[in-house]
Amino acid sequence: MADNLERVPTVAEKTLRILEEGQGEYSLPDPDVFREWTARKDRAMRPKLMTAQEAVARFVADGDYIVWETNYFQRGPSALIREIIRQRKTRLWAGGKFTWVIVALLVEAGCCDRADMGFFVGGPGVTRAVVEKRLKVYEYSNLVMAARLRAGAMGLSFISVRSLGGTDGFKYSGAKIIEDPYTGKPTVIVPALYPDVALIHVHQADQYGNARIFGTTITDVESALASRKVIISAEEIINTEEIRHKPGLTKIPYYLVDAVVHQPFGAYPGECPGMYASDTEHVAEVLGAIYNDKVKEYLDKWVYSVASEEQMLVERVGLNKLKEMQRRATMVATEGYRS
Amino acid sequence: MADNLERVPTVAEKTLRILEEGQGEYSLPDPDVFREWTARKDRAMRPKLMTAQEAVARFVADGDYIVWETNYFQRGPSALIREIIRQRKTRLWAGGKFTWVIVALLVEAGCCDRADMGFFVGGPGVTRAVVEKRLKVYEYSNLVMAARLRAGAMGLSFISVRSLGGTDGFKYSGAKIIEDPYTGKPTVIVPALYPDVALIHVHQADQYGNARIFGTTITDVESALASRKVIISAEEIINTEEIRHKPGLTKIPYYLVDAVVHQPFGAYPGECPGMYASDTEHVAEVLGAIYNDKVKEYLDKWVYSVASEEQMLVERVGLNKLKEMQRRATMVATEGYRS
Amino acid sequence: MIKDGPWKEAPKATTFAEREFQVCIAARLVENGKTYWVAGGGGPMYSVLIAKKLYAPDVVYVAEDGVVGPEPMLPFDPVMTLAAARPSYRALMWSTMNGIGDQCAVGYLDYGVLNTLQLDPYGNLNSTWIGTYGVEGRRFNGPGGADTIAAMCRRVVLMMDHQRRKFVPRVDFISSPGYLDGSPGARERAGLPANTGPWALVTNWAVFDFEEQTHHLRLRAIAPFVTLEQVLAEMTFEPKFPPDGKVETLDPPTEEELRILRTEMDVNGQFTDTAAHWVVWEDGRWSLVAKEQGKKLSPL
Amino acid sequence: MIKDGPWKEAPKATTFAEREFQVCIAARLVENGKTYWVAGGGGPMYSVLIAKKLYAPDVVYVAEDGVVGPEPMLPFDPVMTLAAARPSYRALMWSTMNGIGDQCAVGYLDYGVLNTLQLDPYGNLNSTWIGTYGVEGRRFNGPGGADTIAAMCRRVVLMMDHQRRKFVPRVDFISSPGYLDGSPGARERAGLPANTGPWALVTNWAVFDFEEQTHHLRLRAIAPFVTLEQVLAEMTFEPKFPPDGKVETLDPPTEEELRILRTEMDVNGQFTDTAAHWVVWEDGRWSLVAKEQGKKLSPL
């Protein structure tokens, strides 16, 4: 029998009280349901190169919960987002953490009717959609959304966080406060997030989806692990031989990935650190469009009136601008972005 | 008032049942207590270079809970461990995950009277210590110990895991099974681990403790974040200028670190991937000593009879052997270990 | 909290925008040898970077996305204060959002500096909705990283415009936590780490802290170009006062502070452009002078 | 489970150690196009690597420390099967322990292959203590990574010596979970992921699976060099049998399987050295022949 068995003097009760519950809607975070999905994903290394059109058509469905990494201005999957708008997807639920204009664009384009808030620009269009009940917003923060994705990436149903408690956001979230099972103190927990689609723009990937990202990352890895469908857009497609030469640089392994889109300037108008700087005029234009309620005009010009990203880059942006963006990146900081 | 407020149909009860509790001893995982410690650590960049003797004397106290990364054979802090034995520390509690011979050496040396089990060689000495009640062992697994450290590194008190449940180890652990607050299903949770000391051997560090590790890591980063005192031993001391040149390579920032020990061959007899291969004869010798109950002789030869690691390397190992170990590393795989 | 420092002896500026003043004052509150986690850019970031250059060389600036201790390549492109090459330049470490959140959770990130749209007497912040939540008014950008910083950093410095509509008895929406209802242990009951909370508020007119027992906003110092009456008139509630009743007067910006701010940070003149007037030293006293259209303040 | 494959047609070996046979049989059970997470080295690792070379080219080998899909530089130094340069060579990714654990938890690591010291009818594993826990007997190395793999991989292949003292009605200590008490939902009640559990047991004499309803060990095939009676005599409990009662006979190792095993993996002859005898094909039948002292089996 137990020789080193000792009674631990921590929790005497055999129940834990739930002290408070947010009332926001969320999908039931059941890891076993998610595992049924990953069971069906292919593990063999097969080429997954396709166009943005094809990737979005095949892997983004109306009603999906989508997450994207970083934002429209900084290594975000801007090209994929524009393609979603171009294909007029509907009823998307947006994981709006660490982002600026994307939610506003999706809402005004009629693509999105629910959003989990971390940070996104809430101009007149978003306000109107909320007041007119065309958009439901649930309230978290950047890091709490990151924690929810991390819990998903860990295959859990929930995780505890040291923030969100006490805010009004808590009330409109899926969080709870429970008695901590070990300390007995009040502890905030949040439901894991298992998105339908992760959109991730990377510096380099091979044709199978082994992906490299340089610089800071937000929750690229967590999103790839926690999402049912993963679309990678990459500035460069590199050989798998190169991947094997420096395995420490691989952030996302291929078997998580459903589609690889070769999309140079895929973060436009944003910066891709170490490769090109942002188009500051475009940044001002899109922010202005949102604050001045001109999003439809912006979308007409930059999204609907062009058939593809390639056409947009050539006809709307122009090669000179693209070269200038690259030049400015070279002028600043390319160091550190290849290792 | 709440406009997008909806009742979530998941948890109806206002309590959660604790379904089962392990009976193993553990330190109360209170993040706020840990934060009191980190409040006092210095944030300024000050040189922390010192010898292994000094680092162990200053930062390892009798009775401390110690963790180390990897093990005696593979990029482990072998030199620091030997110094702990040499200084005859006592009553240490060993976080024995992903390790081989270290717990057996510590136990036979009289340094250790408690161990959390993940994986360590349980030869006759360890068995005897358990039966004679000189050693208490609490039962986890490598990954559950890693999860406990991760919970510590996240500043939490507990985390849920998808393993350990159903085993006999569970009974001798600090784990519990509770009703999941979201799914209602039985869920295993484990207490966060906040060690007193982390011992981490790295490829490169600057004098302040900004540290780089190449190849796979076990829980180096988590251990550094979750431990009160962090001792880094490094194969190479590099300039901070070099650190700033490739910030993506920094795994541990300096303000977590208390001591930096420049210790070439600090992983001996183990391999340091990309720098030197292991001393296979020594590996056989130490394993043989443990299985054949000759640990005291082994320690006399390799630890007690030399005053320092440097003396051991020169007098017991010899420069030819060290060069041969480097040569074998060069022959195999140096690629990938600088990025 | 209001300390003396090198700014006492340095040449003073005679013309500046109020928001410039605010940033310089916040810079002087920065404690050397501490880590500062700052969400986004703007005034909070500028104040820490100015402090590091002038007063607090051992300060470690940490960006929201996990850039630790950079030597940022100033100035930045508009909006590009995070997750971009210039602000990340020559860092000691590039981490991830959860990675840097972990560092904060275990207590390694000492101070946060945050902008807010609205503030109540207990330091609660609103950046989500002004008006009746979800029904009327205006949706703003949400807490972003501010909720985390407000919850987990040991001390939080707040920055806000000194306007009556912003000092409210109760914020329309608590986006990021101050002392909540101000009662003892309110933050702990909400699951937040112990010994955390707002530490100072810097407006363009005044500096406040929070009374230890009541957690109520307390006036500590005012700008040299406003009166106590003006400061109080632009608040809908009365702040507490120090036990000795003494409200200090702040020093104006130094020329060096403004030079750095204007040439390396606010290079597009956002602070000066959006100001309705300049603060000017004339005839032995400070006065507010209407700005000449299109004219920028010189970078000194 | 027992399939036909290229080994049917390949030249057969005529002399081998039983543990070599066991590894080759386990290799034939490997499913192409799946991920295999293997704790430590030895037989489990060899079986997956042989399979990848001969039968299952799209298999992804994952090492316990998070090396994904390496082209390992064989043979390894003794003990150095993890966290070392040779086993990590030319990988697709180097992860961390928690990082690879996450991949398993969300379901991307399909199979595990594990050694065990003791096994019960429901596939529970003991690698912690043989004897009365903490009181008498012997402490072993603990679960290591096996508990995780046994809990979270979708299917687990077990490897054990076919000895009476190892097939026990109840293991002395459950280090890693099988089907626990065998009852429906027992694993789920313990918090383990749904649709997981032991899938096969490969000994040096036989292959078993687990009956779907009862989760009880079921004999499926035996080695060509032993009889059914011998197999059952070395177990303390009776296994289940297939519905049709048919127990298949396994094919012996092929020359190619053994060549790879001996020249690239078990190069120090640990499997053959520790064997008491060799299995030899002589005079039209298999027999066990006492090993000549010091003589190694040729690498073919």
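Some notes on this structure:
For clarity, chains are labelled A, B, C and D in written order, and residue numbers in each chain start from 1.
Please note the rule applied: contacts are C-beta pairs under 8 Å (C-beta built on N, C-alpha and C of every residue); 3 or more make two chains touch, one makes a residue touch a chain.
Quick caveat, the model's predicted, so the values are computed rather than measured.
Any chain bridging chain A and chain B, meaning touching each of them, is among C, D; the list is complete.
When each chain is reduced to the average of its Cα atoms, D sits farthest from chain A. Inter-chain centre distance (chain A to chain D, centres taken as mean C-alpha positions): 40 Å. Each chain gets a centre from the mean of its Cα atoms; for chain C and chain D, those two points are 62 Å apart.
We define each chain's centre as the mean of its Cα atoms; on that basis chain A and chain C are separated by 29 Å.
Residue positions of chain D with contacts to 2 or more other chains are 67, 88, 94, 101, 105, 133-135, 152, 193. Listed for chain B are residues 2-4, 31, 130, 137, 155-156, 162, 185, 187, 215, 221, 245, 247-248, 336-337, each touching two or more other chains. If you draw each protein chain as a dot and join the dots that touch, the picture is not a line, a loop, a star, or fully joined; it has some other shape. Pairs of chains that satisfy the touch definition comprise A-B, A-C, A-D, B-C, B-D. Only residues 32-35, 58, 60, 67-71, 88, 90-94, 99, 101-108, 110, 132-135, 152, 154, 193-195 of chain C touch chain B when the two sit together in their complex.
Listing the residues of chain A that touch chain D in their complex gives 1-4, 31-32, 34-39, 41-45, 152-156, 210, 221, 225-226, 240, 243-245, 247-248, 250, 253-256. Of all residues in chain D, only 63-67, 73, 77-80, 82-86, 88-89, 94-98, 101, 105, 128-129, 133-148, 150-152, 173-177, 180, 186-193 touch chain B in the complex they form.
Touching chain D in their complex are the following residues of chain B: 70-71, 73-75, 96, 98, 100, 117-122, 124, 126-127, 130-131, 137, 139, 141-144, 146-147, 150, 162-170, 177, 185-188, 215-222, 271, 273-274, 277-278, 280, 283-284, 287, 329, 332-334, 336-337. Interface residues of chain B facing chain A in the complex, by the touch rule stated above, are 2-8, 10-11, 13-18, 21, 23-26, 28-31, 130, 133, 136-138, 155-160, 162, 171-172, 174, 176, 178, 180-183, 185, 187, 189, 191-192, 214-215, 245-249, 335-339.
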